[in-house]
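Each chain carries a letter (A, B and C) given by its place in the written order, and its residues are counted from 1.
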């Protein structure tokens, strides 16, 4: 099956589920992902657990929520669109005037047809989200407001997969399962990562181990780090926060805090050579879990490759970020970029020549026998360039940057040179 | 009183005094400054004292100087304008033709109305300075030339203040008291520095000690260095040569020789954020006592923030650099830049977070409780950015540069974070 | 004699000789150079000798070579132009049709009047080079093809001069003697280097030793390195591959692999200040023996200064690269650049002031006695700037770069400062 359609199908299946940072929506989402990745290990962390500066919040369960307008119509019905209810709303069952109701309504005047996505995880309130167009049609009169929700001591749920490689050194992927019915931010992330896990499992003789987590944003990464930070700091070579990878717009790259990690190096090289255009953001424009992974005392080498980036597209955090906003080709493009990142990390060694001077390639049938004034073909020229720059200090990506070719065009050349005992790994 | 008017008044009071690199003009100037800064310590260094490669010259005292033209008019009268006599002129009492006189006259054809400022400290000669317009009107005939001056073994005079702080580490300010009646170069320097000393004294719980000197240019800094270089090399954190800080034109910045000292870092940060425009000069355009302070074996971290810089404005070293050329607002602007420099140096520590990951700001009422798609307000955003970048390696200025805000906008944030035990000084 | 005419004359004398990577053409060339440089030591390395990955090839001797066309005309006559025969062609004595002959003909459609230069050192074949214009006039019919050449166990020949200096530290020059009748690439190199050797010998009290080699390209440098690499790696300070230095077009600079060696530093400084325009190439555009000298395990500090660079001009490796393509002025220009490089290397020490602060130049008659507002003259200003920047860490070239003057304008200043005991070598 086409990889884009495969990933899009998973987005579609997961779309209707009401996810939040806790609760059955997360559990249902993870159980579907586990169907695709049987190795997925699911953890539950009790409400009240202390994780660094944070405490795992109560679990939220919303069963029914709607408003009855003065004419008796049911509006803002949670069962129609789970964005209508402010996340973590407490129960309410009241009649009130429009003026009183207005204080609990959220809409976007700049996007009148969109229902915004609003949450209040850490302060108790209730509210409804509505399109500005619909809001403006509301008439004076008595409104009945009804939310039946529950906030109770439960747990926070996340999933992780550890795929062992030849070394304990790890490549890390992190993505979210806490957003209700929105597509780019965020079903694209878990759906693309699910396919990447299959790709990683398919790699024979893996160099690296892979740690892949499906978590609620912020509190989830903090919980996860609080349990795994020592191992992660010790073994992580490169990590990626995978979010907003579903649409067909240009790519984006959000560097790590320093912008100088292995994660950055490989991301920049792949983007430079594999996609037409991309926007390089500043770490000042961070906004997702790189906030935790790159925080000073955590300091992990994590960057992000996105399509339309969180906070940078108008449909972000609204009902317009739906299944029409993403596409099989958009998802497939991001998948291929990340698959290339993995392929490149697996190949990124430093090499150096075994011999002094250029080797005599001609006697190995690797060089034209006739000395003419024209340029060599690309294969020969790239081989000569690789031999000229691979000094044992530069790794493959750095050599490829010097000689201005995609690193993957050197894979075959390296194999030929290794077979001919002309270079060795450092 | 408005700070600009206070500084301008001091310039006005000091303006008429005939200063040179030695003599009573310097002493009178320093006694007026001592009235403002009672702690000022005044030193006298004997003529003939060896200071590195230099010898303290004789003291010069000029009592009367003028020319009588063929019609009996007194011109170039020193008592009217002390610029009329070449500094360190020897006595003369002669009649001569205009042709003979011409060899001792100095004027500027490119600035016909200006009387130039000329000196001959280290070679005996005599001369008069005159405007080119006046010079062209001189008629053939007999001129009587009269200078009554004295060159004698006396001393060179300078003033210094040492204001102790919590550490022996020093911030250094140097300015001149050797220019006769000119305003920007140089009464602006000593007048601004006098007010800065009052500001420094007003700071409670000072981190740094402050060394402030009022000296004659070149020979004065060499004399001072010859007596204090070991202490200065050991304790100086940042220093500034304060000169030409009186007019309303754009600011200038002359870096230290390397351009990479603490002095440069703080100067550039303050200028980037506090003034509209400034010219960045090269150290090749040096010309004041940074020549000594930054010389290779001295190598102190000294830069200069100026308004119209010495050598770069047409009124420089002429009678046009007068009290009209400077202004209260110009002086106040420079004062505020240097006061900011001091404030920033006092605050420029490196910090790092105490906790792992972002802290939960919400539970400390430092974060909005509602998760919406809009940007946080500046205070919250700057706090988050500060927490994201303060890794213990970057100091405050470097963090502020990374997050693109004036460092002083972070002072309150740092206090809040310290009070909440979220960060600590490194 | 004018240096350009001297060098051009040598090119002219050497031009007709049939050179290849081995053989009597190389020997005859070296014997003429030895007439100019009696110290030239000539070495013979036997066919079959193993040098790193390479084996010294058989010696090639071509005595007669031509084609008889169907009308009985002799064409492609080696005795008329030695480019007509593919280098290292084996013997042949056959009649054949034009179609059969075509497979052994080489011409350039883009340069129809040029006879290309083609070689086949490491694979046995035969062939003729012909202008495309002449080729298109060939008629159907029987052709008689005749080459009498010999491939036999002999030796590879190269020349070297070692000119001792005060230290064993070496400056290295390498150039080629393997090209048949072409002028820029390559008689210009050996002819210019021959004159440079005379210049080096004329230098009194040489700081550096000089190693100068005249070799066949590629195999010659590999052979030479295989015998001398340890000494060269231990003592070489800077080296230059001298090739294509004969025409009047703009200069070119091909950096070493890192671009950061002493060779690069001095080449860039000389080019920036001595020539009007030059092209900075990338090491990716290498193509001459810098391929060996800068290869990772050899890693010598070698760059190239050229005029029209190999591979970058249309006449390259054709009969159009003849004595008209080069000129006395072109050769002289390159000679003067390299002579300047040598002069600068000999002078490139780090200095530091002996005293603290600026010295009192006035008492040494090195400074104007009158203090005026104008700029000092260049000599005084450069002296002050040199004193301000020579901190013992920067060498002469680095100081000259800082103060934006050609380093050679500081030679006299340095002498004056040394004589006055104001600076010392570090």
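FYI, a residue touches a chain if its C-beta (ideal position, glycine included) is under 8 Å from a C-beta of that chain, and two chains touch if they have at least 3 such contacts.
Since we're looking at a predicted model, the values are computed, not measured.
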**OP:** Rotation angle, subunit B onto subunit C: superpose the C-alpha atoms of these two copies and give the value as a multiple of 5 degrees.
**Re:** 120
Subject >> Interface residue identity across copies subunit A, subunit B - same or different by half >> reply: different
Original post:
Whole-Å distance, subunit A centre to subunit B centre, using C-alpha means?
Top reply: 55
Subject >> Residues of subunit C touching at least two other chains >> reply: none
Original post:
For subunit C, which residues are in contact with subunit B within the complex?
Top reply: 352-353, 355-360, 362-363, 369-373, 384-385, 387-392, 402-404
Original post:
Where on subunit B does subunit C make contact in their complex?
Top reply: 52-55, 87, 106, 116-123, 125, 218, 221-222, 225-226, 229, 257, 283-284, 286, 291-292, 294-299, 311, 316-318
